[in-house]
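Below you'll find the structure I mean.
The letters A, B and C name the chains in turn, as written, and every chain counts its residues from 1.
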């Protein structure tokens, strides 16, 4: 029983990270109709920035701030310089282009930090008591952070005029332009938020894993699985599916170790083949099957 | 009669050129062999991307299927390399047959992703799950297990070169034939307007399935040849990172053409050979090249040569009118 | 001539537009003077919507020029054109269905900084009762009313309307017709229409398009009726 509780908590932190890195992809597709293969660049840079700052100053808080800032800055650069040019092109084109950016990002990281994995000390070792088990508080905090961000995004989308413009843009970007709203500026703002959040995810997750140039690879696939399961364009969907997948990986992995890696893929296969719109697929964004 | 000769002539010339190069640059023989083997892999991806317009981020999986099949056969079951090769191709065909129906009905980005997932699972399976058989990360050695083949002892590099040339010629000729046949035209037509093809009575599902199987078979053929070439296979052959390489090679050479894959293979491996002397960060280079090709060189090398010669020979200047794009 | 120029709100000259390699507009020239309602008629596929969308900035033009209020707006983004006072209302009657009517209007205000809803709701007072309804649940006629109201925020000088009465019941068409008369006191209307009675009542001038070209133009009301009928068949 204790084992399962620990696994559950691990699952929560996994869910937290999955949500943070997947939000950008979900919004990117819903709002801008692009498949954001380079999202993990922000995630990885976030982790590396945290490593650098923590090693230099010892302050994890500063590390997080640096991670978010750098990730968001990278997001702005990529969006304004590259993505602007590909909005009107077909989806496959953007997919290959953003994938190239991902590769370039890995290359740059290798160049700056080298190939060896870097360890980061966890900012807190506190354990708290849940039922009869001691679990790491840090993992619960990661989950907490994800929930906060989720709430923040929902507030933004539902209560602010910019959020409403975003929702309108997800449904019909042309009409938003027709009203006189500069939708490109909105894209950029959303993109900055999304990449910053991914960077946060990287920084938060870094102490739990080894920071290496290829950490984005597996996470990229997991992030896509999360978004596909939840439904592209739906933030609620991303949160729910992150919760599900996190537990699938943690509990499944406790059952049989390889499942931690394989189970999400099985989920993805099932979803794609059975219900491609995912759990909460957004109206107007039909996908999955050939026309 | 004429078209039959045309189909065979091109490949013949190419293979002749390659053989001549091998004698002109004897130290480059293994390199030339690899170009031909990789070209087969690119030809497989070319059917998916160039002819059918489908991006796959998981082609290395199909390559590794051929490679592992041959390797495991030679390591445990038999000694005949030709049999190993045939088994590899058969495995590829089977994979194409089985996975085809589920994969090909997916829309572009989903197809790309599910292949990427397949690739990741493949690596996991071969590296961890089947570790007992495949020896995991260390890889499987079987060079000593290969026996002499009656006509040509392909264990010797020089003979293997000829062997690869023969196979390359046959496959290329068939490829060229396919390009000019109804099947080839169906592929290209489907890329442009699938709905119309259906209206015309074509079973687009079956056509796509066939394309998928061909791609899978070509990839595994290439994989088997890789295995025979090195006498060794390890899981890195099927890694996700390699997915970008074959896409770049396809784009570089000129997607959707017969000789594009060869030029793509040549260009890609050539650049890799040159660059890796100075830069070990291969991903960076691949990424940059892909971007450049996507934005500037969408025709690729062969495509460029083709249209250039077309313009010189035919003087057919089509009046270009500006696009009316910009609709989100 | 000069006097015409001064009153000219929209001047399109020799406009050529293509979709990929397919040319759809072959040197179209139209102009709209301030206060003068213009209707554009023509069969489906004649290029009317393409013309409007190019003017509004959704489509890149090939050759030709577009002047609005004496200013060249070729190459402007759609939102920039809208900010200048030229609004386009598309054919598909699409509102932002996920938001309610009030929020749709809020977006219009956000874009134009015009929060005086009373002055725009006067055209279709019915909307006042629908403010909390989700826009996706509106009928076709109600959606058209909402779209026009949203577009009127910010007092645009020129309104490009793409088949506003399409698919609407005759009673609604009459309602719209009356609303147009009110609106045109403040805003110039350039409308694509297939509805003949409406055209002859609302239009001060009519253009007729066929296969990507303007083939006729007239001011005379009798001629309008005749021409529109003829060009149609």
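Methods note: a contact is a pair of C-beta atoms (placed from the backbone, for glycine too) under 8 Å apart; a residue touches a chain by one contact, two chains touch by 3 or more.
Since we're looking at a predicted model, the values are computed, not measured.
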Chain nearest the global centroid, as defined over all protein CA atoms shown: A
Chain whose average C-alpha position is farthest from subunit C's own: B
Subunit A-subunit B separation of Cα centroids, rounded to whole Å: 33
Centroid distance [mean C-alpha coordinates] between subunit C and subunit B, Å: 53
Rounded Å distance between subunit A and subunit C, as computed from the means of their C-alpha atoms: 42
Set of subunit C residues in contact with two or more other chains: 58
Overlap residues in subunit A, where contacts from two or more other chains coincide: 174, 183
Residues within subunit B bordering two or more other chains: 325-327
Subunit B residues touching subunit A - in the complex, by the definition given at the top: 53, 55, 57, 102, 104-110, 112-114, 116-117, 120-121, 124, 128-129, 194-195, 240-241, 244, 247, 281-288, 290-291, 294-295, 325-328
Contact set on subunit A toward subunit C in their complex: 161, 164-165, 167-168, 171-172, 174-184, 283
Footprint of subunit B on subunit A - complex, ascending: 32-33, 35, 85, 87-88, 91-93, 95-97, 99-108, 110-111, 173-174, 183, 217-218, 221, 224-225, 228, 258, 261-262, 265, 268-269, 272-273, 276, 287-291
Subunit A partner contacts - residues on subunit C that touch it in the complex: 56-58, 77-79, 82-83, 87-90, 94-99, 103-104, 106-108, 110-112, 150-151, 154
